[in-house]
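Questions regarding the structure given below will be posed in turn.
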Amino acid sequence: MIKVGIVGGTGYTGVELLRILATHPDAQLTAITSRKEDGLPVADMYPSLRGRVQIAFSSPDKANLAQCDVVFFATPHGVAMAQAQELLAAGVKVIDLAADFRMKDVTQFEKWYGIPHTCKDVLSEAVYGLPELNRDAIRSARVIGNPGCYPTTMQLGFAPLLRAKVIDAGSLIADCKSGVSGAGRKAEIGILFSETSDSFKAYGVSGHRHTPETIEQLQQMTDQPVGLLFTPHLVPMIRGMHSTLYARLTADVGNEQLQALFEQAYRNEPFVDVMPFGSHPETRSTRGSNMLRIALHRPNNGHTVIVLVVQDNLVKGASGQAVQCMNLMFGLPETTGLMHVPVLP
Amino acid sequence: MIKVGIVGGTGYTGVELLRILATHPDAQLTAITSRKEDGLPVADMYPSLRGRVQIAFSSPDKANLAQCDVVFFATPHGVAMAQAQELLAAGVKVIDLAADFRMKDVTQFEKWYGIPHTCKDVLSEAVYGLPELNRDAIRSARVIGNPGCYPTTMQLGFAPLLRAKVIDAGSLIADCKSGVSGAGRKAEIGILFSETSDSFKAYGVSGHRHTPETIEQLQQMTDQPVGLLFTPHLVPMIRGMHSTLYARLTADVGNEQLQALFEQAYRNEPFVDVMPFGSHPETRSTRGSNMLRIALHRPNNGHTVIVLVVQDNLVKGASGQAVQCMNLMFGLPETTGLMHVPVLP
Amino acid sequence: MIKVGIVGGTGYTGVELLRILATHPDAQLTAITSRKEDGLPVADMYPSLRGRVQIAFSSPDKANLAQCDVVFFATPHGVAMAQAQELLAAGVKVIDLAADFRMKDVTQFEKWYGIPHTCKDVLSEAVYGLPELNRDAIRSARVIGNPGCYPTTMQLGFAPLLRAKVIDAGSLIADCKSGVSGAGRKAEIGILFSETSDSFKAYGVSGHRHTPETIEQLQQMTDQPVGLLFTPHLVPMIRGMHSTLYARLTADVGNEQLQALFEQAYRNEPFVDVMPFGSHPETRSTRGSNMLRIALHRPNNGHTVIVLVVQDNLVKGASGQAVQCMNLMFGLPETTGLMHVPVLP
Amino acid sequence: MIKVGIVGGTGYTGVELLRILATHPDAQLTAITSRKEDGLPVADMYPSLRGRVQIAFSSPDKANLAQCDVVFFATPHGVAMAQAQELLAAGVKVIDLAADFRMKDVTQFEKWYGIPHTCKDVLSEAVYGLPELNRDAIRSARVIGNPGCYPTTMQLGFAPLLRAKVIDAGSLIADCKSGVSGAGRKAEIGILFSETSDSFKAYGVSGHRHTPETIEQLQQMTDQPVGLLFTPHLVPMIRGMHSTLYARLTADVGNEQLQALFEQAYRNEPFVDVMPFGSHPETRSTRGSNMLRIALHRPNNGHTVIVLVVQDNLVKGASGQAVQCMNLMFGLPETTGLMHVPVLP
């Protein structure tokens, strides 16, 4: 049994970790911290967990996280970097769902997140937790920077094309759409029901934090300089993410070859589903599961390939991916506890 | 391994059976019929099942249902009664998710469903599949009439009060609200997104099929004549059912006694959660799970007790309950394959 | 031209007043206050008003409200009572959309709203602003307590029955459902999209502020003591309110007589639509308009009459009703500026 | 008074025409046809119109459309072309909301719509009904092909850039998102609430009918060959359309120049709102109104300009635009009857 701690379990990635871990056969929830909710049974805050999660929140100073085998940080940016070193020293592995350990480029981090990086030692050994692209490093990692939700879709969607050198890396476009849960569980007017329901908008079009993270990773797949336009949008749905990726073909490849690139890249992946060429994946086909689905299009057999990618932003885009990393780090089968069938309708 | 057949697997209760059975450790999906979709892999119709359900639809004449151990009918009313006898004769157990075997009163059935009942022999041995109220009979049943979604909430909400003889059985009111999936997967204008989203309405206020079914069952809990006003409403959400039940107290009982009636009635029930007195259960706290939650209120300590009941109409209200019955019929632990944690948010 | 001021225009009743007044032919928006948004053009906060509302917010101390003919308070409870006296002294009429001037019973007010009532003089002359029941008094009023959204539906739904003495006034039940905008535009987690979408719940079942307000008004329609159970629910839609009212018949009346009671009561009302007996009004049939629709049912011709009432909670339930009062107070045709056709779909 | 006829008034563009015309001061609804609903009062089908629209549907053979001054076709493709000639001969003007008179290129029409064009004479005189680009021709037109919803946003979004010759016309990308009402009021499973709510998907990515229509129009703005990738998506909202347009800059222009191009192009337009550079328009800011809003972005001051365009697909994207054309054709002020303030929230 892996003893698991969660720091900051009151947000959506926190409760999603709890949902997944509640039925994980090899994990035991040992501690969950919340400064504000000290003493409150987790199931009182989230009645969906009544009878399934017995533990109560405890304040960070009381929770003995050092006794855990692994600690997940489901916190705002900046929290994990303050505590990681001490946990690692105590032999505890760390998986951060925020951005503290995602980017090696500290300058970019500090520019986009507006705080100094105070834990560069740990950052230097941190591993980017995208198993499909980084599996071996994750297996032996002590600390994981769990990818952002948007970056997961962009990387898995562009990777086979970049690696095969068939597209122009300098003019990538990612028009992405996310459910509202991606904005977190915060008391903000902009994400009220009456503000977001029955409406649609773009946000952060002139610049978004997930751009530098994605570029840093994409750049490792090609020796061309990567240029990426990333346009996020807010969809009136709770969960789900849909990325529409545009890439200009620079090589003379047929549609079957394109499809084969993806099928070969992901043929052994339990959580990446390459659908038939020309499919239109729906976000709901991944709801509540760790599956990510991809489909290719090439209008008029022209010079642009369109890659459609869908996932549940809270599972493959966050907490499911984190548990996938945990499984790898502890030598478990990668799919352990992650075989939820999507809830549809 | 229980060999399972499904007749009519293209609707919402059908796909929900598939979702549940796909991870049920003791069930093997053997045949699924659809006249229209003969030959189509199930996962082509429901991409959420890609990689999880390998079977294809087959037309009813080709599917060898007689080789199954149990056949679920996820069909419109009237289908199960035409095929049940032959299956039973072949030693196959039958669970009908429609109304054919729910009501013993054939006159009522024929009045409300508008078709003659052609299978009274089977009806006479059929068992009403509400495990919390009927567990022993289900264990030894060959044929189950699976309860309607609304009736499940009304029965489990009124039962402790009726059995304790503390309310006026003659003036029950059930103001019930259902998600749109309860209307099924039918090409009808009235359940289009643009007709039902961002709106709310009552329907069938002057009379609904679930009234006689519920009264027949409630009447077995009391020797007073049962009078029930049942008012269904349509909520712009996919899954979820919320029943607000009003009963007039006729005995001098305190709130703690009322609460104790429910806690005792359901204390060993894995799928009924009695919440603290005065709670407000949300339908989403049951989404995707077989759990039903109940909470009691008594405004101003007056003469009326209000019982709030929530469930996922497709799980405890339909397919999950059917699998719960199957587990009982085959001597499995009742919770086998049904321990999904609700998906929240 | 009526010079109009709005105190607290940043909430939903405020922006709805702006939407209505922007096309009102006899009203001129003169001042709108917001402490936080001083100097911000209204249309910068609400782009829907770009090009239609030119005015900017000003801080309360700068806004010269005394120059207005009427001031609407679209504020939390307690604000209007602090400013009404001074405005009245300056000859300005006051319409409060909060509760300060709704209830004559100060004890009840203080119990339910948790603040002392500091303006009893004004309260004593205040008129309850429900034109269909109180038209003449509104015409000559200087200060209006605009009804709550739920109370509007309950009063207009029960009034014809109570006045005709055909129901038991002591056992009224109102099972009511509201869109999320009814909770206002506040930074609260409970009304986030991800908390309320795709779910349904009751709230305040053990007691809600709109109960004493409604009882105070209903009591004026009958000499029987009024007993009311009011159960509010939250619907995942932005606008709309549906009240399902249950009343026990005490007189021997036929359905046609019941229908006639309503048709006669409201035959000259421009904003109350009595639909054919047995109809199921949808909230969307009133979206964006000041119309309220009513339909009657009587299941099995039994002892209970069910009254279904729908309205847009922000229009007839709040800002539209307030403008209707303004029209009456200034001698305008009652429908002036209020003839929006509902937006459907 | 303009006598107005509507052919096929039961769909969403039909009821939206009725909503607009019900308060249009210079239009009188004279006839509305529906083969299926002959004799049914319009308000019985759409209770939102109770008290506001008195007319009943009549079957096409009974309706005397020849007495009208103008007839709107809110019908599927192919209907208008069968009746236009006869109406024109009787002196009736024709506005078709379907595709029959949108494209001059008959080959493209027949390829994409799968029916022969049987009315080429009328097509040759038909005018494309986008007032902002085509006002003078509309004024004197006898027959209008009302633009598609998507094409309206793409044309108004790209036009200033193409006309100024500052972008590469050959590599335009339009990533567009529409509410479900765009799919019409048809009994189809794919647009049920339970199929489309809480989910997001692309559709028609490999080819959509609005591409050739848009290219035909865009081509008139430039002498470069136009290349357009158009990717439509379905958003779980009723009304609203958001187009995210990508264009590569080929000239050395600053952001202020770009902004000025749009502000100058639309400075006198009552229904086009150019928002400040870097804004994020929401679809709800146009709900129920004929307004279209545009905002420009240029991430990193790079080579790509992003144009965000929002509108209500049923108003500026369909019925509002048709009435705007009618106003022009009959010499009325263009905004007559179209000054609805958007309904927000």
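All chains are identified by letter, namely A, B, C and D, in their written order; residue positions are counted from 1 within each chain.
Criterion: a residue touches a chain if its C-beta (ideal position, glycine included) is under 8 Å from a C-beta of that chain, and two chains touch if they have at least 3 such contacts.
A quick map from chain label to UniProt name: A, B, C, D = N-acetyl-gamma-glutamyl-phosphate reductase.
Given the structure is predicted, the values throughout are model-derived calculations rather than measurements.
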Where chain A and chain B overlap in contact partners, by chain label: C, D
Farthest chain relative to chain B (centres taken as mean CA coordinates): D
Separation of chain C from chain D, taking each centre as the mean of its C-alpha atoms, in whole Å: 36
Centre-of-Cα separation between chain C and chain B, whole angstrom: 39
Whole-Å gap separating chain B and chain D, where each centre is the average of the chain's CA atoms: 45
Interface hub residues of chain B, defined as touching at least two other chains: 12, 179, 181, 185, 194-195, 197-198, 236-239, 281-282, 284, 287, 345
Of all residues in chain C, those that touch chain D in their complex: 12, 15, 19, 22-23, 46-52, 181, 185, 197-198, 238-239, 273, 275, 279, 281-282, 284-289, 291, 293, 314, 339-345
Chain D contact footprint on chain B (complex, rising order): 12, 179-181, 183, 185-189, 191-198, 236-238
Contact footprint of chain C on chain B as seen in their complex: 173, 175, 177, 179, 194-195, 197-203, 205-207, 227, 229, 231, 233, 235-240, 242, 244, 246, 278, 280-284, 287, 297-300, 302, 304, 306, 308, 310, 345
